[in-house]
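Next come two complexes built around chain A: one with chain B, the other with chain C.
Our next item is the complex of A and B:
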C-alpha cells in the first residue's frame, strides 16, 4: 500500500513537472552549468542537461524540480568537494555520470547526498570514483534505482556505495555496486526494500545492516565481497531469493547474522563461500528452501541460537554441512536434503528412516585443531566419521534431522 | 634399455592381472558416474579409489612381477648390458604398463563423463601415484632377496602410506596441539605420496574451506599455485628417490 502510494506520488510529480518549464543546460545554451539553472528554476520545472562535462562542486538542489541528463552528461567534483546534494522534496535526478568526489576523514563526501527530504528519486546514474556513492540521511520515501556505483579507491579511502542512515520506506532496486567499503549500508532504516541489486568486489560487506527493522531484501546478488554480508541487531528481516557467492577467507561469511530475531531466510542460494550462513544470538529464524552448495561450511549455528527452524534446504558438496560450538542445540532441522546422508527409505515415503546427524566428528576435530585441515578426505578421517555416525558420543546429540529428504528439492 | 622396456611391456600386456586391474578401474569409474548424477560427487568417490586401490595394485603388482622375472634379469645380467640400463628398462616397462592401465581404466571414463580442472588434477595425481608406488616396489624388491619378504615389505609400505601414516599424523596433532604446527604439517605431508596426492585434490575440491584457515603459511600454501607446485615437485621426488636408491642397491646386489 505504501509503495503504491509513493508511486502515485511520483506519477503526480511527473505530471507537475511536465506542466512546468524546461531549462536546458549545455555548452552554448542559456545555462552553462547545473548550478545556474537550479538558481533560476521554480518549483515543478525540469532542468535538462545536455551531454558534456561540467564541474560541479557540491551543486545544491534545493527546489522541487526534475533534473534529467541527456546522453549521460558528466558532473565532476575534481576531488575537491561533494558532487550533488539534494535538500528539497520531490526531486528526481536521472541519467548523470557523477565522479571524483573528495575523500575525507572528518566528512563523508558523497557523490549524491540526500538530507532530510522525502519522495526523492535517484535513478540511472553512474557514479565513478566517489568516496561515498549515494548518501541518504534522515529521509523518507526514497527511490534509488538503476544506478551503477563503482569505487576505485583503496580500502582505507573508500566509503559505502549506497549509505542510508535513519531513513524509512527506502526502495533500493536494480543497482550495481562495486569497489566500495560496504556495498549497501543500512543503519536505523525501517520498512525498506532492497531488490535486484548486485553488490560485488567491495572491500568489506556487500550489504551491511545495523539496527534496521522490518526490512526486506530479495533477488540480490552478493559476490566476492571482502567479508560477505552482515545483518546485525535487527528484527523482522525478510531475505528472499538472494545469491551469496564466493566470499572467501577466515571469518568471512556468505551471510553473518548477529542478534537477529523473527526473520525469514527463504529461497536463497549460498555457493562457494567459506561459511554459507553464520548465526550468533539469533532467535526465531526460519531458514527454509535454501541451497547450500560447495561451501567450506554450510551452516554455522552457535549454541546461543534458539527456536530456529531449518527446513527443506539442500546441502550439496559442502566440505562440512553444519557445525556448532556447544553440545545442546535448541533448533530444529527437518526435511532437508543432505548429499552425505547414507540412510535408507524402506517405506518409500521420500523421508530417510534413520535421522541424519549433520555435525561430523572431523568437523569437531578441525574446530579444536585447525591444522588438521590437511587430513581432510583422508581414509582415517572417514573411518572416524563412520564410527562416530554409528555410535555418536562426541558430536552433539540434539543436532539432527529426524526426517531427512531422500531426494534433492527442486526449485 | 628401451628394448628391455619393450619386451617387458609386451610380456605384461599378455598377463591377466593387468587386464583385470584395468577392467576393475574402468568398472568402478563408469558405475560411479552412472549411479550418481552429481559429477563432483562422482569425482570425490573416484579420488578415494585412486588413493587406496591404485597404490596397492601398483606396488604389489610391480614387486611380484620383478620377482617372477628374476630369471630373465639374471639372463640379462650375463649379457654386456649395464645394470643401470637393465633396471631402468624394467622400470620403464612396468611403469608404462601400470600407467596405461590407469589411463584406460580411470582417465578415459573421467574425461568422457566429467572433464574439468578437478578431473585433470585427479588424473595427474593418479599417474604420479602409480609411478611413485612402482618406484617404491623396486626399492622393496631390490632390498629383499626372496619373494615372500619382498611382497610383505611392499604391502607394509602401502599399508603405512594409505592408512597408518594419517593416523600417526592425527595423533601427532593431538599431542602437540599447543605448538605452532603449520610448517610441521606441510613437511609431514611431503613425507607421504598418498597425502601429497590428496592435498592436490583438496586444493580443487575444498578450496572454500581451506581458505578459512587463518595462518599465513597455509594461506600462501592454499591460496596460490604454490601448494600445487609443492605437491607436484614432491611427488616427483617420490618417484625418483626410491628408484635411485633401488639402482644403488641393484648395482651391488649379488643375484
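Our next item is the complex of A and C:
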C-alpha cells in the first residue's frame, strides 16, 4: 500500500514536471500582470489569468507557454498600443477579452499579433474595439478558432478582423467577425482552411483573398457586409457550402471573382444580393449545385472568362439569371433549373425539350443603357423578351442550357 | 427671354460637364474601376479625369497604372488628367505627373504595389524605410513593367 502510494506520488511529480508549472495571475496573487508572469515563466509552463481587468500595453509572449484566461479576464490597451504579441512557437492563448488597441496610419495596431511563429493556437477570445483584430504574419500551422472579433470603429478607421499575410497552413474556424474592414483577409496565404465562421456587418468584404493559392473555405456565412466575398488574383480556391446573403448596393456582389483560375464553387447559397456572383478574367471555374435566389443579378460573367462550367444550379426569383457583355462561347451551361423556363418535357426525361437562354434581351439592353432599368417589369419589356425567346436574334447564341432541368434540384 | 434663359442654362450645363475637375473619392462607397474593390484606404486612392470630364476612380496608384497599361485601355496619356493621393495628407488628391512615387515593402498599398505617392522627391526619400526601396517619377512609373 505504502509502495503504491509513493509510486503514485512519484508519477504525479513526474506528470507535473512534464506539464510544467502553473503561474497564477490575479488580484492578490503572486503575479499582478500577464507580463510579470511571462517574464518568470519557462518553456512548457502554463500562465493562468484569473478574472479581472488588466492593462496590457503590448504584452509580448516570447516563450513557449500556454496562456489561459479563467472567467474571461480583460486585457486592455487603452487605445495606446497593441494588446498582445506572440513571438514564440507552440503558444496557446485562450479565454481572454482583448480590447481597445490603438488606431494608426502607418502601423496596423492589432488585438493579438502573431509574427514569425508556428504551431500557435488562438482560441475562444473576445476581441472588442481593436483596430486590427487578430494579425498573422510570416507564420505557419496556426489555429484561430472560436473567437469573437467585434470592431466598433468607423469605416475608414478600421482594420481587418482576422488578417493574415504571408502564412501557410492556417486554420480559421468557428469565429464570428463583425464591424471591421474585411472580416477575414488573406494576402499571400497558401494551403489554408476557413470553415464555420460567421462574418457579418463588416465595412468592406466578409472574406477577401489576394494572391493566395490552394485555399478552401466552407460552411461559412457571409451576411450584410459592404460587399460579400472577394477572391482576387488567386489559384485553386475551393468554395463549398457557404451562404452569401444581403449584399446590396451598386458595384456590390455576393461573390466577386477577379482573375481566378482552377477553382470550385459548389453547394453555396446566394440569397438576396445585388449580384450573386460576378466573374471577371476567370478560367477553369466549376460552378455546380449552387442556389441563386432573390438576387438582382444571379450570375454576371464577363466575356473574358473561359472554360468554366455551370451545372445543376437552381436559379429562382432573380431579376436576371445571367448577364454578360459578350458571347461566353467558351463556357458551358448544363442541367440547371431555371424558374423562368417555359418549355415542355414531352418525353418525360426530366430535361426540357428546347434549350433555355438565360440572358434575356432586356438584360442585354441594360448592359448597353443602364438607365433602361426604369422600364423593369413593364409591358414593353416582357413583350421584347417574349419576341426574343421566340426568334432569338440579339442575345448571345452561345449562352444556353441545352438540357435545362424541369425540377428544382433538392439538396 | 425664356428661350435665352434656357439657352444659357444649356450652355452652363455644357460648360460644367466639360471641365476637367477631379472629384473627391467617397471612401467606403466608391469602387475601384480596375479591380472592383471598394476604396477604403485614404492613403492610397487615385483617379483619372478624362478630357471629357469622366471620372475613373481607383483604390491605389498601381491599379491606375495597370488600368492605363491594360490592352483595351482608352486612356489618353497626353490629355487626360491623372491624380494620386498625397500620402502625407490622406484623402487629398494631387497631380500624378508632379508626384514622386515611393516603392517600398513597408507600404502595404491595397493592390500589392507597395506604392506611396508624395508631393516632392525630398519627402518621398525621407519616407524610405526598406533597403531596396526606390523613388520614381510618374513617367518612370509608367515605363516600369507591370508586376501583375
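Going forward, the second predicted complex is superposed on the first by the 392 of 411 C-alpha atoms of A that agree within 3 Å, B and C clash if a C-alpha of one lies under 4 Å from a C-alpha of the other, contacts with A are read in each partner's own complex, and residues count from 1 in each chain.
The definition used in the following text is that contacts are C-beta pairs under 8 Å (C-beta built on N, C-alpha and C of every residue); 3 or more make two chains touch, one makes a residue touch a chain.
All values reported here derive from a predicted model rather than from experimental measurement.
J.: Under the stated touch criterion, which partner chain does A:369 make contact with: chain B (first), chain C (second), both, or neither?
T.: In the superposition, A:369 contacts chain B only.
J.: Of the two partner chains, chain B (first) and chain C (second), which one does A:334 touch, if any: first, second, both, or neither?
T.: Neither partner.
J.: Could you say whether A:278 touches chain B, chain C, both of them, or neither, answering first, second, both or neither?
T.: A:278 contacts chain C only, not chain B.
J.: For A:377, select first, second, both or neither according to whether it touches chain B, chain C, the two together, or no partner.
T.: After superposition on chain A, A:377 lies in contact with chain B alone.
J.: Between chain B and chain C, pick out the one touching the greater number of residues of chain A.
T.: So, of the two partners, B touches more residues of chain A.
J.: Check whether A:319 is in contact with chain B, with chain C, with both or with neither, and answer first, second, both or neither.
T.: First partner only, chain B.
J.: With both complexes overlaid on chain A, does A:297 touch chain B (first), chain C (second), both or neither?
T.: first
J.: Determine, under the contact definition given at the top, whether A:203 touches first (chain B), second (chain C), both, or neither.
T.: Second partner only, chain C.
J.: Going by the contact rule set out at the top, does A:211 touch chain B (first), chain C (second), both, or neither?
T.: In the superposition, A:211 touches chain C alone.
J.: Hey, what residues of chain A end up touching chain B and chain C alike?
T.: Residues common to the chain A contacts of chain C and of chain B are 250-252, listed in rising order.
J.: Contact residues on chain A for chain B in the complex?
T.: Of all residues in chain A, those touching chain B are 248-252, 272-275, 294-297, 316-317, 319-320, 339, 365, 368-382.
J.: Spell out the residues on chain B that touch chain A in their complex, using ranges where they run on.
T.: 38, 40-41, 44, 47-48, 51-52, 162-163, 166-167, 169-170, 173-174, 177, 181-182, 185-186, 188-189, 195, 198-199, 201-202, 205-206, 208-215, 218
J.: Which of the residues in chain A come into contact with chain C in the complex?
T.: Within the complex, chain A touches chain C at residues 105, 155-156, 181, 187, 203-205, 210-211, 226-227, 230, 232-233, 250-253, 256, 258, 278, 280.
J.: Where on chain C is chain A touching in the complex?
T.: 27-28, 31, 35-38, 40-43, 90, 111-112, 148
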